[in-house]
Each structure stands twice: as structure tokens, then as C-alpha cells.
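Structures are listed in the sections that come next.
Presented sequentially are two complexes of subunit A, the first with subunit B as partner and the second with subunit C.
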Partner chain A sequence: MPSGALLFQSIILGLLLGGLYALLAAGLTLYFGIMRVVMIAHSAFLILAAYLAWWTSTELGIDPLLSMVVTVPLFFAAGVLLQRGLLSRLRPVTLTMMSVLITFAIALMIEGLLGYAFSGTQRRIQLSYGTASLELFGARVAVVKLIAFGLAAVSLAGLYVLMKRTQFGWALRATIQHRDAARLVGIDTERTAGFGFGLGLATAAVGGTALSLDTTIYPSLHWHWIGPLMAIIVVGGLGSVAGAAAAALLLGLAQSLLQIPMGATWAQTVFYVALFATLAIRPQGFFGGRLAQRF
Partner chain B sequence: MPNASDATAAGLRAPGKWLPLGAAGLLIVAIAAFPSLAPNPYILSSGVIVLNWAVLATSWNFVGGFTGYISLGHGALAGLGGYATGLLITKAGIPSFVALLVAALLVAALAVPIGFAALRVRGASFVIVSIALVLILLLVFQSWSSVTGGSRGLVVPRPFPGMLRPEHHRVFFFLYGGLLLLALATWWLLDRSRFGLGLKAIREDEDKAESLGTPTFAYKLTVFVVSAAFTALAGGLYALWFGDLDPVFQFSVLTGSYIVLMALLGGVRNLYGPVLGAIVVGVALEYFKVEFGNSPLHLVTTGLLLGLVVMFMPDGVIPSLGGLVQRLRKGEQSSIREMTAADLAEQRKREREGASS
Partner chain C sequence: MRSPARRTTWAVALSATLLLAACGGGDEEGQSSDDPIVVGISLPLTGDFSEPGKGVQEGYEAWAKTTNDKGGLLGRQVELKILDDQSNADRVVADYEQLIGSDQVDLVVGPFSTRLVVPSARVAQEYNMLFVEPAGAAAEVFNQGFKNLFYAAPAVADDHYNHLAEYLLALPAGQKPTTVAYAAMDDPFAQGTAYGLKKKLEAGGVKTVVDEVYPPNTTDFGSIAAKIASAKPDMVVGGSQYQDGVNLIVALQQLNYQPKLAAFSTAPTSPEFAKAIGNKTAGILSPTGYSQDAPYPSNKEFVEKFTAQFGKAPEEDQANGYTTGQVVAAAVEAAGCAEQGECQQKLIDWLHGNQVETVVGPLSWDATGKPQGAHMIQQWVGNDIKIVLPAEAKEADLVYPKPAW
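Now for the complex of A and B:
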């Protein structure tokens, strides 16, 4: 039996990790809600943002967090372009399948270009506060992990306020709930859908910057993220932001706790076990997920 | 008697009875002749690799072509077939080709629970599971090194120990050729069966198919298992031929994406589409490997090609070219992909006229 302090530390780390998962899963959920698109390239954009943060830090010598000033608007624009230029032009009948292939192709291209531009070498940001940590009831928590969690929490809260309190958020939710009805009440669903995609991809920019603070990155890293993220949105119930957030925290916690007896590699399997169990037992997901029934 | 131009027009629109048979004859002749035409063993081994791709793409097409469910994880099923064959030979001491068959049965059995989880709902979950399958198997086969050899790989003993390498390539070329013909024949039979009709109904409109009484889940699961078995046979044969398995290559997401690219490029609604795609993409892959080695630009090119195919010819080369020819001929083309009722009526009318004149 591991000691109480170790257990507590794992719980804290698991929750911090879960926060990042929740932010990224929120992006995936947005895409799925808007267009029933499973966006494989989400995690590739995540790694791209991490690389841009690393580049900012090593080449320009400024804090990697500042890279978000550029990456967030850039990714927002890329998301709008992706939806308007590619995904909305696919045949509606085969949209789900073909959009997977398109986004998969984009993921391959990003991975290839990253490998070409920065080589396959593992990269890591050196920060002055990189090794600092806080004592919290006997658990040591790295400051960078707290910053990453803070970024995720602030963006998630921002997303929540945007969705619930602004006119754009209402339009977006209406588009997700019933596109035809939304169009009938005068919402420009095409434009809203494009902006929704931009918003989703912006979460990848924030997430990637947060990730780069304390993770060693390499071009093919995105495969290690897309699996867990997809498991999270299925367990949460495809299309439910709250469900995805709950599943993200739960699975992040489970992964962190299982690392104690099983080691880091085998602990990752918890996502896949959860994915298969969910699909076999309750395909619509464990937390809401009204949409998932038919997808 | 219908005149010659009628026959070619009908042949283009709905390849008649003789076109597939003629193509089959051509394929058999090509497979039989290639080993003696190949100038050196390297070209012959490339031929084996291309045939491997052709079998994989055709096996994939059982699911992708009939039901429209796109699997990105078939590379993992092939890898599983390869590892199962290798492990059965090295750990259980079973003769090579018996091990190959047992491995295919094992993978088919494993495909039942995988398919059960993946196919209960619609496409999105299926794709997610297919990618997850690759990732989880890579994780397991790399980490579980006491059984699988981990990253050091697994050496599979050769089935014909005394055989020289060119001869070995030749034997496996014919084995793959036989497997390809078997897969094509099975696809052709399914295509004409009631079962195949049900699968195509799922592709066109799963809700309607279900409401008309097609047991959609059972059909999807069955065809997934058949597809997995053929894929595993190809993977197992590869293990016997190549003799060395590495989890990074056996459970690579790229394998699955090459398969999808081949099938889509050739055309998933056509018996020979995946074979054609496999020849084009497979030869290109081998060529680029020789010219440029393994570089990250492989990924970029694959991604770009896949994107272009999905955007501009999601039905593949054969239907696109056929459509182009037809458009040039007639000036307009229907959007319905197989055959419209009007076309059918017209064709019947022509046949009647042909019979009466």
C-alpha cells in the first residue's frame, strides 16, 4: 500500500492533468456537437502549439506563455478556415467518415512538417521556474503544473461564460442543438459553425502552451494524446461538454493513481479499457450525451 | 444484336458480366508471369510487398466498401495476425502454415468483441475504436516484452529453411497471389448475395435498412470478422515472408492510412478498385523509399494525397474516370452512384429492342 503522502500527491497530479484533458476534450466536443466531426487533428494542433511555444522560448528568449498572443488567434483562424474551406464542402451523407479522413490527413501533415522543420529530436523548454515546486499538505506540486492547470481552468471558465452568457454562445448552442431551427430564427449557422470550430482549435493552442511547460515534446507525441482524448469524449458521451469534463477529471485521476502500481506505460491503458467498456455497456456515454445514441 | 458502341456504353456504366472476368484473367496472368519477368530479386520482393498491400486493401474493402464504415485500424489487425503467427511458431512449436491459419482464426475470434464494442453505434465510435486499437496494441506489444520481444522485435523462423532468397520471394509471391484471388472471389460472391445487399443498404441508409428488417448489427459484425480474418492472413503471411516483426511497424497508424488511401483511390465500390489503388500507391511507396529514404515528408505526402482523394474523388479513380468519360459522352451525369431507375429502364428497353431486332 503506497503511503498517504504519495497517494495524495497522485490525486493532486491527477486532478491537474484532468484539467488539461478537460480543456482539450471541450474542443473535441465542440467539433462533434457542431458537425458530428471526430477531429483527429486536434492533438496534432496541440503539439504544434507546444512546438511554437518551445520555439518562442528558445529562439526569441521570451516566456513561452507569451506565444499564446499569436497562437490563439492563429489557431482560431485556422479552425474557421478548416471548417469553411474543407469540412463544410464534404458530402453530408458521408460527412462523419470523410471528415475523419480529412482531419487524419491534416494530422499526418502536421506531424510530417514538424519532423521536417524541427527534426524528430525530443525538445523541452528550460524555464527559470521549471523546477520550482510548492509544498501542499506534504505533496510537492511543480509550479509549471499549477500554471498549466490554471490556464486550462481559466479557459474552460471563459468558454463556459461565452457559451452561456453571450449572444454568440447562444447562437452556437442553438446551432448545436438544432441547426434547421436555429436557421429559422435567423442565426447564420454557417458562420457560427465556423467560429465554433475556431473556438475549438483555440483550446488546442492554450492546451499546447500549457503542455509545453513541463513535457518533453516530439512530432509523433500527438498519437499519445488523441487516444485518451477520444476515450474521454466517448466515456463522457459524445457531444456533452460537461460529460467530457467529468470524464476527463475521472480518467486523469485514474491514470495518475494507477501509475503507482502499474507504471506510466500500462497506466495509459485505463483510457482504452474505459473506451471499450463504455461502448460495450453504455454506448451513449456515462455522463449525458444526448447526441451519442446515433453516432 | 446490340451493336458495338451500345455494348461499350453499357460496359462503362455497369461493367457487365465479362469485364470482371476479363480483369480476373488479366490479373491471374499478371501474377503468374511477374516472377519470371522481374529482372532481379529486389523487384520481385517489391512485388510481394505490393501484393501484400493489395490483399490488405481488398480485405479492408469488405468493411469499407460494403458498409461504408471506415477503419483506420486494419494495420493493427494485420500486425496482430503477424504476431499471432510468429508466437504460435516460436512459443507453441506449431508448423508455419498451420500457425498461419490458427492465427487468422484467433484474430477473427478477437474481432468479435472488438466489433461488438465498435459497431453497436454508428460510424464515429467505429473510427475511434479502430484508431484506439492501433494505439493500445502498440502500447501492449512494446511493453509486454517477455512475450512479444518488445522493441527488440520478434524473429519468425522461415517456413522453408533451405530455400534461397529469390526462390523464397517467388513462392511467397504466388502465395500472396492465391490469397488475393481468394479475397477477390469472396468479395465478388458477397457483392452478389443477399447478405451483400443488406450491407450496401447499411451504407446507403442504415436507419431505413434497419426499419426494413435488415439485421444491421449482425451483418456489420459478420463482415467485420470476415475482413479481420483476411487481414490477419495477409499479416501472418508477411511475418512468414519477412521473418522479423517490430511493434513500431506492425502497429503503425500509417499502415492503416495507406490501406485507406489505396482503397479510396482505387474506388471502394469496385471489385478491383483496392487492387488498383494498392498497385499505384504501393509502387509509389517503394519508389520513394529507394529515392528519398524514410523522411518526415512521407507523412506530408501521404496526408496530402489522402486529403486530395477525400476532397476531390471520394469514390475513387475508376468511378471518377468512368464518370468523366460518361460526362464527355452524354453531357450529363446522375448523382446517384450505382444505377438509377431511369438508367435501368433505359437499359432494359435497349435490351428488349436489341432482342427483338
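Now for the complex of A and C:
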């Protein structure tokens, strides 16, 4: 039986990890909602953002968080271009299938370019507060993990307000829910979808920066991330940002706690067990999302 | 996949033999003493292992140059014949068939990595050739029943920490660590290092309180670190490669866990390491197969000559290639011959019975070709990593308990 202190520490670590997962998965579920697109390259963009943060920190000597001033708009523009230039040109019948292939190719290109530009050497941002931690009722909370969690909370809250309170958010949600009906009431669904895609990729810029604070990065790292993130958005209900966030917190916590009795190897399988269970019992996801039913 | 390729190589070997039989005769005894000694090598110069492959190549080239500058072997110049196997196990077999069968090289030495060493050693065995190899530390290399193979490095993975185990078990009862946590990557090499130490410490009565194995794709070490920190062991041992070692150390530091001793394989000897963990390296130990600062007689010459030749100091891969050359050279000098045929058995027999002085220290082998040594242990002292064990090679004293990180 694990001690209470270890249990409490694991819960804190699990919640922090889950928060990061939620941020990393947010864009992925958004793309699917907007266009029924499976975006394999999302995690590659995360690693790209992480590399840019690392580069900012080592070459320019400024805090890696500042890299977001450039990467967020840059990724937003890249997302709009990607959607307008490539994905919107796919035939609707084969869209989901072809989007997997195209974004797979993009992921490989990003990985190759990262290897070319920064070599395969594994990198880690050197921060003065990298190993600093705060004490909370006997448990330790690492400052970098707290910052990553904070970034996740702020950007997800921002996303929520944007989706619920602004005209663009209404248009985006209408586009997600029923594209034809949205067009009937005068929404330019093409443009909205493009901006929505950009928004998804902008979350990858924030997510990648958050990731870079406490991870050793290398060009092929994104393959380790795409599987768990895909599982999270299916469990959360494809297309639902709130659902993905809930699933991410739950799975992060489960992974962290299961590591105590089962060890790291088996704890990782929690994502795939949850994925299979979702597909078998409730394919539309456990936390909302009407989309998967139609899919 | 395998059998057609195998058949092709056999066909090639057979036709090579026929050709030789056809045009041979009378050629055999005409070895003039000015002929160079040709050493056949296949290396992964492209593909998965191209980085270490090129490193080993530099080691071989440095050895050939140093040897030739001193007048060669048995008064003959050394010539390397290097083929690229593209990190492909079928290709490596064809390469050695070609080198031994049709190119009639005088000696062969090994390629890089276990995956390529095993098939190529088999070819060498079929031709009764001596096979000294610079890489291939996994157990499977030594349980194939090879009689011609020698691994030219101080120790296999399980024996990397032997000097540290000896040191710790010799400490007086009050100081000896009593509890240890192990975390190892699910990888034969990385796990081998940690479990080699675990076996010896457990036999010496040191208790294992945490024993975690994680898959190679693990990126989050928070939970593993939490488990270790909550058990508060005297010592933590990481069977790590690179990123996992770095991430685990940082995660432990974030939890403010201060062990009396911390030992991690591979990661701490990497040039990137100190920067990656923000210079909080105080007292971290690591086994190493090669150090530029090691006091072995030939090492100084190797570092100087290598640096002059390539404009950089040698690392472990380069040292392994060079060591392989030194081992073969010692056997050739002792047996007084270097050609295919009976000479090869003389070389093999000599190596089984003798010790060779190399840049990684004195080497000797058991019947399976497994080296009988242990790795040096290095420790981070200040901003530098220094050899602390064994006593005869040390640059500084081992600091135990280690300072806080």
C-alpha cells in the first residue's frame, strides 16, 4: 500500500500532467470538429514550437515563453494556409482518409527539417528555475510544471470564452455543428473553417512552448505524443474541446496513479484501454460530442 | 527475407571459391614482405548507425596511420579496405564474404552494433578468421558459441559498475548505503548496466526499495521520481540512455530528493549533459568505457595523434575502433604472421591466453570472447567529470556522500 504522501504527490503530478495533455489535445479535437480532419502533424507542430522556444532561449538568451509572441501568430497563419491551401481542396468523400496521409507527410517533413536544422541531438532548455519547486502540504510542485499548467488553463479558458462569447465563436460552432445550416444563415463557413484551423494550430504553439519547459526534445519525439493525444480526443468525444480537457485530466491522473502499482510500462496502456473501451461502449465519447456518431 | 539473401551470399562465396581454384595455384607462398597487410572492414557508413559507424571508421583510420608511421606491422604497411553495409544485416554478411572470399584480405575486424556483429562474426567463423569487434556488448553476442570473437572494450553492460559495487561493499557498515532505488529503461544495454549493479549490491546485503522499468518512449518521469523520492533510498541508480536519464534527474531534483549517491549510465558522460540539467550535476556518477584523460600508456599518444589527424579529440566510438586495431596488432606481432589460413588460429589462440595493453586499459577475454574488465567510474566534481575508480586510473577521489544537487 503506497503511503499517503506518495499518493498525494502522484495526484498533484497527475493533475499537472493532465492539464498539459488537455492543452496539447485541444487543437486536435478542434480540427476534427471543424473539418472531420485527422491531423497527424499536430504533435509535430508541438515539437516545432518546442524547438523554436529552445532556440529563442539558447540563441537569443531570452525566456522561452517570449517565443510565443512570434510562434502563436505564425502558427495561426500556417494553420489558415494549411486549411485553405491543402485540406479544403480534398474531396469530401475521401477527406478523412486523405487528411491522414497529407498530415502524415507534413509530420515527416517537419521532423526531417528539424533534424536538418538542429541535428538529432537531444535538447533541453536551460532555465534558472528548471528544478525549482514549491511545497504544498508536503508534496512538491515543480515551477515549470506549474507554468505549463497555467498556460494550459489560460489558453483553454480563452478558447472557451472565444467559442461561447464572440461572434466568431458562434460562427465556428455553427460550422462545426451543421455546415449547411450555418451557410444558410449567412456564415462564410470556408473562411471560418480556415480561422478555426489556425486557432487549433495556435494552441500547438502554446502547447509546444509549455512542453519545452520540462522535456528533452528531439525531432522524432512527436511520434510518442500523437497516440495518447488521439486517444484523449476520442474518449473526450471528437470535436469537443471541453470533453477533451476532461478526458485529458482524467487520463493524466489515471496514468500517474496507476504507475504506483503497475509501473511505467503498463500505466501507459491506460490511454489505449480507454480508447478501446470508448469505441466499444460509447463511440461518441464520454464527455459530449455528437460528431462521432455521424462520423 | 533472410534465406534468399543467404542463398545469394552462398552462391557468391561458392563462385568466388571456384574462381580462386581456377586461377590459383603456385600463388600461395609468394607473400613478399613489402606487401601491405590488408584489413577488411564493413561499417555502417550510411543508415541507422551511420553516426557511430563513422566514429569507428575514424578510430580504425587513426590506428592504421599511427601503426604505419611507426613502420607498420611485421615491417609491412597496414592498408584498410572499408565497405559500407548501410546498417543492413544482410549486406554486412555479403560484405565479409566478399572481403574474405574474393578480396582475400589478410585480416578482418568487426562492424558496429550487436545487430551487425553477430551475422558478420558467423561469416568470419565459417572461414576460421579471427574476429575482433569494436561494438556488440549485449549478452547474445557471447552465447552464440563463437570461438573466434573478441570484444575490444573493457566490459559488457552487466559489468560496467563492477568497480563501484566493489567500492561500496568495502565501505564500513555505518557508511555503506543500505537502500537503493533502481530505474532502468526497457533496453538490454541500459537495463544490463543497472541490473548488473543491482545483483552485486543485493548479494552484498544492500536492500532494493524501488525497482522500476520504463519503456524507451517514456517522456514524463514525474511519477517514477515520486516513487523513488517517497522511498527515500540512500542511493539511486539509473539504467539510462540519454533523454531518460536527464529527465529523471531533473524530475528527482524537482521533488527535492537528495540521495547520498546517484549513478546513471551514458547520459552524464554526454557533452550536452551539464547544460541540459542546468549544471546541477554535483556528484553524479557514471561508468565509462573510455576517457581522454585515462592514464594508460598508449592513450596519450592516441589522443595526440587523433587530434592532429581529425582536428578533434576522440570519443568512445573512435576509441573502440582504435582498440580493436591494437588488439589485432598485438596478436599479429606475437604470432609473427598476418594472412588467411593457419595463421588465424595462432592469432585466436594467442588472444585467448594473453592480455593486451590498449587505450581503454589492459584487456583479456574468456572463452566466449567476453572481456574480463569493468568500466571506469567517473564522477561530476565541480564543472568537470573526473575518473574516480579504479584506484590506479583515478584523477580524483570519489566523493561520498555526494554534495546536494
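Heads up, the rule we're going with is that the second predicted complex is superposed on the first by the 292 of 295 C-alpha atoms of A that agree within 3 Å, B and C clash if a C-alpha of one lies under 4 Å from a C-alpha of the other, contacts with A are read in each partner's own complex, and residues count from 1 in each chain.
Keep this in mind: a residue touches a chain if its C-beta (ideal position, glycine included) is under 8 Å from a C-beta of that chain, and two chains touch if they have at least 3 such contacts.
Please read all numbers here as calculations on a predicted model, not as lab measurements.
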Partner chain in contact with A:F32 - subunit B first, subunit C second, else both or neither: first
Partner chain(s) touched by A:Q268 [first = subunit B, second = subunit C, both, neither]: both
First (subunit B), second (subunit C), both or neither touched by A:D214: second
Partner chain in contact with A:T166 - subunit B first, subunit C second, else both or neither: neither
Which of subunit B and subunit C A:Q177 touches, first, second, both or neither: neither
Touching partner for A:G112 - first (subunit B), second (subunit C), both, neither: first
Partner chain in contact with A:A280 - subunit B first, subunit C second, else both or neither: first
Touching partner for A:M98 - first (subunit B), second (subunit C), both, neither: first
Shared subunit A surface residues [contacts with subunit B and with subunit C]: 223-224, 265, 268
Residues of subunit C touching subunit A in the complex: 186, 212-215, 217-220, 222-224, 226-227, 229-230, 242-243, 246-247, 250-251, 253-256, 272, 275-278, 280
List of subunit A residues in touch with subunit B within their complex: 32, 36, 38, 40, 86, 89-91, 94, 96-98, 100-102, 104-109, 111-116, 120, 219, 223-224, 226-227, 230-231, 234, 238, 265-266, 268-269, 272, 275-276, 279-280, 283-284, 292-295
Contact footprint of subunit A on subunit B as seen in their complex: 68-70, 72, 113, 116-118, 120-125, 127-129, 131-132, 135-136, 139-140, 142-143, 253-254, 257, 260, 264, 295-304, 306-307, 310-311, 314
Residues of subunit A that touch subunit C when the two form their complex: 2-3, 5-6, 9-10, 13-14, 16-17, 121-124, 126-128, 130-133, 140, 142, 144-145, 214-216, 218, 221, 223-225, 255-256, 259-260, 263-265, 267-268
